[in-house]
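For reference, the structures are reproduced in the following blocks.
Each of the next two complexes has chain A plus one more chain, namely chain B in the first and chain C in the second.
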Partner chain A sequence: MSPGAASARRRLLKRTLTGYLFLSPALVFYLVFLVIPIGMSLYISFRDWNMLVPLTSSRFVGLKNYTYLLTRDELFLIAVKNTIIYATGTVFVGMVLALGIAILLLRVRGATFWRFVMFAPVVTPSVAVARIWGGLYRPAEGLANAILRMVHLPPQQWLADPNICLYSIMLIAIWGGIGATVIVFTAGLKGIPDVYYDAAKLDGAGPWAEFKHITIPMLKPTILFLSVTGLIGAWQAFDLIFMLAVGGTEAGTSPVRSVIVLALYLYQMAFKNLRMGRACAGAFLLFLIVLGFSFIVLKVLRKGGVESYE
Partner chain B sequence: MRRCVVLVVCLCMLLGLVAATGSVAAAKTKLVWQVHWSDFQVEGVYKGEGADRKLVSKGLRQYVEEYMKLHPDVEIEIQSVPMEEYLQKVLVARSSGVAPDIYGIYSLWGVQLVQNGILDAPPAAVMKDVRENYTPVSVAGATIDGKVWGIPMEVGNYCLVYNKELLKKKGFAAPPKTWKELVDMASKLTIRDKSGIITQYGFAFLAGWESAVVHPYLGLLWDVGGEFLSPDFKKCVVNSPEGVQALEAELQLFKTGGTDPAGSVWTFPQEKVAMMIMASWYEQSLKQGLGDKYDKVVGVAPVPYIKKPVNAGYTWFLAVDSASKNKKAAWDFLMWLTAEVQKPKNTTRLGDLMAETIGSLPCREIDLANHPDALNDLYTKTFVEQLKNSRPEPNVAQGAEIKTILANEIVEAWHGRKSAKQALDDAASKINEILAEFY
Partner chain C sequence: MSEPLALPRVSPAGKDTDKNEDMEPGRAGAGKRVVTQRGGQRGQRGGQRGQRGRVLRRLLVHVSVVIIGLAMFLPFYWILSASVMTYEEVTAIPPRWWPADPQWGNYTAVLRDPNVPLFKYFKNSFLVSTAVTVAVLLTSSLAGYALSKLKFPGRDAIFTFTLSTMMFPVFLFLIPVYYILKRFPLLGGNDILGMGGTGALQSYVALIIPFVVSAWGIFLMRQFMMTIPDELIDAARIDGASDLGIFGMVVTPLVKPALATLAIFTFIGQWNYFLWPMIVTTSAPHLMTVPVGLRLIGTAYSTAVNMNKLLAATVMAIAPSVCVFLALQRYYIKGFVLSGFK
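Right, the complex of A and B next:
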C-alpha cells in the first residue's frame, strides 16, 4: 500500500470515528432507553417471572407464554379484537370526519377560531376528558341521553351496556383527537396546487370528481402519515378506557371483556397478576400486530401525491 | 498567596462540617414506611386557619414524630403511595434495591410476598401478641400457611348501608333483614323515568371495582353454606349448587328490577341509591357528601342473609421487608405503635389512628372496646358488631388474579350474558388452572 493510500485510509477512519463520536449521545440514548429494554422484554417473554424475585432466578419457559396467550387465554383474544375495533374505528372514522371538517373550514369565515376550538380537546388531560364525558354519559341526568330524548330516541346506558360501551369510549377518543387531524389535513389541502382543480374544471369535472380524482390522491401522503401514526397511538390506548370503564373515577359499570384493550390487558397481567413474562409476550404480539397493520397501510397507500401524476 | 491559604482553610472547614453532619446522619437508623394513606390520614386533621389552626386528630406523622422524639437515633420516613399503585411500587422499589423497611400489606397480596421471601418472619413476641390480642378475622387475614406474617393494622367488613329517608318515604320503617326482604324492597324503592332509565336505585352494586363485586358475593356464598376454594386450595368449588344459589340470589335483584348493572355505590351521597352493601371505611366520604343531612339519611344494618348472617372481611397488616437492614428497629417501632397501651384510655396509638382519624376498624380487641366515641357512632357501630360474623377472604396465591376472574364472571351474569351456572363454571375452570400452578 502506498503511503498516500494509507494516509487516505487513516483520514477516512478518523472521519468515521469523529462521525460516530458525534452520533454517540443519540446512540447511547437509544441503546439505553430502546434497544436494551426491547431486548430485555424479549428475554423476559420466554421466562416465568413475577418481579418479586431477581430475573436471574426466574424459570425459562420457552414459547409457553406465547402459546398460552394465543391458544388458551380468551381474554387476550378478546383484547386483540377490541383493540382492532378501537384502533381502526378511532383512526379511520376520525380521519373521515377530520377531512370533512378541514374541507369545510377552508371555506368558512373564522376558520382559525374553529381550528382552535377543535384543537382544545387535544391538549386537555385525559383525566379531565374522562370526568367530563363520564358526566355527559350518565344514564339518568347526562347530556347525551337528554339529546337522545329531545330527538325521540331511546336513552342508552353508554358506559354500562356491553354492546355499546367500547363505541362510547371510541367516540370520546375521536372527539379528543380530531383537532390535530384537522390541522394536518388543512396543511395537506393547502398544499394541493390550484392548477389541478382549474384543469379539472376545464375538463368539466364536478366537486365529487375533483374530490375523488384530485384531493384524495394528492392527500395520500397525509393520509398515510395520519394512518400510521394514528394506528400506532391507538393500539396503545389505555387511559380513557382505564378511567371510564375498568377502575377509574367515573362509572366503572361495564363488563371488562367488552372494553378491555391490549395495553390494559398487558398492564393488568404485569402489575396485577404479577406475570411479567406473559405480559412481555403479549407486548411482542402487540408489536407484531402494529407492524402488520402499518405494513398493510404502507402497501395500500405507498403511492400518492404529486409524484403519482408524473 | 494568603488569599489561597484562607480559601483552602475555609474549604477544609466546610468539608469537615459536611462530613460531621453526614456522620451524625449516618449514625441514625433510618426506616422507610410505605403507606397507602394520604392527606389527613398522614398529616392529621386540623381545624381553623393561620394562627388559629389546631390539630384535632393526630395523623400518622404525629405518631412517627413522637417516636423519633423518644428515640433520637431513629429516623422514620413516610412514603405515601395510592392504594392502586401500592403493589407496583413495592415491585419497582425492590427491583431497584431501594425497598422500604415497613409495609402495610393487603392480605390478598401476602401469599406471594411470603412465598417469594419478601416479608421478614416476625419475632416470636410479635406473633404471640397478635395471636393473643387481635380479633380472629384480622389474625386470619395476617396468617399465611398457618403462620402470622405481620401485625394486623386495619380490618374491613361489610354492612347494608341504607338511606333512611328514601325507605321511610316508601313506608319502610326498618331495613331488610333477609335477602328476600332486600329483593322485595329494592324493586319498590327503584324509580325509573319514562324511558325506563333508573333515576333512583333500590339497591346498587358497582361492576368496575372487584372488591365491590366479589366481597358481597362471598358473603352470600358462605351464608348459604358454600365455599369458594377447597381447604387445601387445590380446587375452586364456587360452581357448587350453593355457589349458583348465591349468585342467583344476586340476580334476583336484577330480574325484579331492583337494580341494573349501571348502578353505582358512589351515587349514594347524591341520594340516588336506597341501599347498598358497603365497607366500613366509607364513613368519611358519606359525611363529606351528605354534609348536614348525614345523620338524617344514613342508616346501617347487618347484610341481609339467606340462611345465616355472614359478611366477607379483609385485612391490611404491617410487615417488615426481609431485605431491610434495620429489621429489629422496624419491629421495635411497630410494637411501640401497635402494642404499647396508653393510659388512661387503654388504647394503642395505631388503634387511635385507625378509629379517630382514618375511620377504619382497628384490629386489636382493646382498641375496639375502648373507642366508644369513634366506634359507637351510627355508622361504625354495626360494623364492629358484625365483626363476629365476618369471614376473611382466603389468602391464596395469585389472590388478585383469582379475584379478578371471579369478579369478571359475576359481572357477565349481572349483564345477563351468562347464566349463574355458566359464569361460575367458567370462573372455576380458569381459577383451577391457576391453582394447579401453585398448589
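Right, the complex of A and C next:
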C-alpha cells in the first residue's frame, strides 16, 4: 500500500472519529431514550405487566393485547374514530381558515399586530387554554352562549352534549394552533414571485383563477409540510381533552366516551388501569395510524409536482 | 420551492420592484404589495366605479380582519376581565362583559394563599426549562456541526434517522422511559441493579433528561450551519484550528440567530409541556411545574366558590410564556417559518 493511501485512510478515520464524537451526546441519548424504549415497548406489548413487578417477571401473552384492543374493546375503537375526526378536522379546517386569514392579512395595514394576537394562543399553556374555554363554554354563564343569544341562535351545551362536545374541543384546538399556521402560510405566500400574478392578470385571470392556478400550486410544499407535521401532533392530542373530560376543574362535564382520543385512552390504560401491555400495543397501533396517514398525505400532495420537497 | 413554472417574459413595469424585499413575516411593509398591485390594475382601467369598488373591497377586508382578530382575542379578554371580577360577577346570568369595580385583590389573595404555591411552580418550571434549553442548545449545535460540516461514513443515515424520530408518537416512550428512570442505578435509593428505590423519578432529572436532545433542534442547527461557506472552515483549519475550535469560534458565533430561535422555542415548549411532568409529579408533588400546578389549583380552588381567584392564578401562569413571546417574538416566529422551509 502506498503511503498516500495510508495517510488518506488515517485522515478518514480521524474525520469519522471526530464526527461521531460530536454526535455522541445525541447518539447516546437516542440509544437510551429512543431505541431501547421502542424495543422495550414492543416487548411489553406482548406481555401482561403492571409496572409494579420487575418487567422480567411479567407474563408472555402473545398477541392477546392486540386482539383485545382490536376486537374486544369497544372504547379503543371509539377512540380511534374520535382521533381520526379530531386530527383531520383540526388540521385541515385549521389550514383552510389560516390560509384565508393569511391572505387577508397581506392586504391590510397593521398586519403584524393581528398576527401577534393570533399567535398568543400558541404560546399559552394548554391547561390555561382549557380553563379559559371551560369558562367560555359554561351553559348559562358563558360568553359563548351569550353571543349565540345575541345573534338569535339557540344556546348549546358545548361540553356536555355528546353530539357536539368533540367538535367544541376541536374549535379550541383550532383557536390554539391557527396563529402558527397563519405565520407559515404568510411566509409561503410571500415566497410566491409577483411575476406569476402579473402574468395571470395579463391573461385576464380573475382572483379565483389566480388562487386556484397560482397560489395553491405554489403553496404545495407549505401545505404538505403543515399537514404532515400538524397531523403527527394532532394524532397525539391529549392536554385539552384530558383537562375538559377527565382531569380538570370542568372534569366530568364532557361524556368521556364522546371525546376520548387515543392519547387519553393510552394514558388511562397505562397510568390508571396499569395495563402496560395493552397500552404499549395501543401505542404501536397509533404509530401505524401516524405512518399510514403521513404516507397518504405524501402520496396525495406529491402528485402535484412537489417531488423535490422532503 | 420547486414548481417548475416558466417565468413569464412580460411583466408590467414598476410592479415588482419591491417584491420579496422581505421574506420575513411580521413587517407591515411587505403586506402592502398585493394592495398596490391590485389598485394599479383597477386604476388603469380607470373610472369612478372601479375606484368605489376598490375602496369597498378594501373596507370589507379590513372589517373582516378586525372581526377575526377580536374573536381570536375574546378568550383572553374574558379571562383578563373575569380575573378582576367579584365571584358574583363571574357567575352572573346573563354574563357580565366587564367588572363594575376591578378586584385587584383577587391577585394578591392568590399570591398570599399558602395552599397555592405558585412561586414553587414557577421555580420548578424555570429550573427545568432552563436546564433543558441549555442542554438542547449544546447537543443540537454539536450534532448540527457534525451533520453539516464533517464528512464521514454513516452521517446521512444518522440525519435521516434523526428526522424519522419526529414521527414516533410519544406514547411509544412514556412507559419504558418511566421504567428506565425508576430503575436508574444508584439514584434515589436504588442499588447497582436499579432495585429497591425510586431511581431518578423523585428528582429534577426525571423532568429534564428525557428532553435533552431534540430532533427538531438538530435539524434546525444543521440547516443553518449548511449555509456557512466551507471556505471559512477550511481557512480556519489551515490556520491550525481543531474541529472543536472551529465549532466554538467560527461556526457558533455565526449561527447565533438560530441558537436564539431554538432557545426560545425550547424554553416556551418545555414551560408549557404538560403530559410528562404530570405523570412524573404524581408521585413527586414537590417537582410540580406550572401547567401541572395550574391543574391542581383548579381542585384547590373549586370552581364553585373561587372561580375569580382561579382565573387570576391562571392569568399569572400564562404571563411568563406570553411575555417571553412578546419580548422575543422575532426569533420565535422565525422558528416557525424556518421549520417550514429548507
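What we mean here is this: the second predicted complex is superposed on the first by the 280 of 310 C-alpha atoms of A that agree within 3 Å, B and C clash if a C-alpha of one lies under 4 Å from a C-alpha of the other, contacts with A are read in each partner's own complex, and residues count from 1 in each chain.
Keep in mind that, in the parts below, a residue touches a chain if its C-beta (ideal position, glycine included) is under 8 Å from a C-beta of that chain, and two chains touch if they have at least 3 such contacts.
Bear in mind that the values here come from a model prediction, so they are computed numbers and not experimental data.
Novice: Check whether chain B or chain C contacts more residues of chain A in the superposed model.
Specialist: Of the two chains, more chain A residues are contacted by C.
Novice: After the superposition on A, what does A:180 contact: first (chain B), second (chain C), both or neither?
Specialist: It touches chain C, and chain B stays clear.
Novice: Once the structures are superposed on A, label A:261 by its partner contacts, choosing first (chain B), second (chain C), both or neither.
Specialist: It touches nothing on chain B or chain C.
Novice: Just chain B (first), just chain C (second), both, or neither: which does A:52 touch?
Specialist: first
Novice: For A:162, select first, second, both or neither according to whether it touches chain B, chain C, the two together, or no partner.
Specialist: It touches chain B, and chain C stays clear.
Novice: Should A:245 be classified as contacting the first partner (chain B), the second (chain C), both, or neither?
Specialist: first
Novice: Applying the document's definition of touch, where does A:196 land relative to chain B and chain C: first, second, both, or neither?
Specialist: The second partner, chain C, only.
Novice: With both complexes superposed on chain A, which partner does A:140 reach: first (chain B), second (chain C), both or neither?
Specialist: Both chain B and chain C are touched by A:140.
Novice: So in the superposed three-chain picture, is A:274 touching just chain B, just chain C, both, or none of them (first/second/both/neither)?
Specialist: first
Novice: Let me test your reading of the model: by the given contact rule, A:154 touches which partner, first (chain B), second (chain C), both or neither?
Specialist: First partner only, chain B.
Novice: Looking at chain A, which of its residues have contacts with both chain B and chain C?
Specialist: The answer is residues 51, 140-141, 149, 247-248, 271 of chain A.
Novice: Looking at the complex, which residues from chain C come into contact with chain A?
Specialist: These residues of chain C touch chain A: 1-5, 7-8, 10-12, 15-16, 19-20, 22-28, 30-35, 37, 41, 58, 61-62, 64-65, 68-69, 72-76, 78-79, 82, 90-95, 97, 138-139, 142-143, 145-147, 150-155, 158, 161-162, 165-180, 195, 209-210, 212-213, 218, 243, 247, 268, 271-272, 274-275, 279, 282, 290-292, 294-295, 298-299, 302-303, 307, 310-311, 314, 317-318, 321-322, 324-326, 329, 332-333, 336-337, 339-342.
Novice: Which residues of chain A touch chain C in the complex?
Specialist: Per the touch definition, chain A meets chain C at residues 12, 15-16, 18-20, 22-23, 25-27, 29-30, 32-34, 36-38, 40-41, 44, 51, 54-55, 101, 104-112, 114-121, 123-128, 131-133, 135-136, 140-143, 146, 149, 175, 178-180, 183-184, 186-188, 190-191, 193-199, 201-202, 217-218, 220-222, 225-226, 229, 232, 235-236, 238-239, 243, 247-250, 262-263, 266-267, 270-271, 276, 279-280, 282-284, 286-287, 290-291, 294, 305-310.
Novice: Could you list, by residue number, the parts of chain A that touch chain B in their complex?
Specialist: 50-53, 75, 139-141, 145, 149, 154-155, 157, 159-162, 245-248, 251-257, 268, 271-275
Novice: Show me the residue ranges of chain B that touch chain A in the complex, using the header's touch definition.
Specialist: Per the stated touch rule, the residues are 84, 87-88, 91, 94-95, 112-113, 116-118, 193, 195-199, 206-209, 260-264, 272, 398, 400-401, 404, 408, 411-412, 415, 417.
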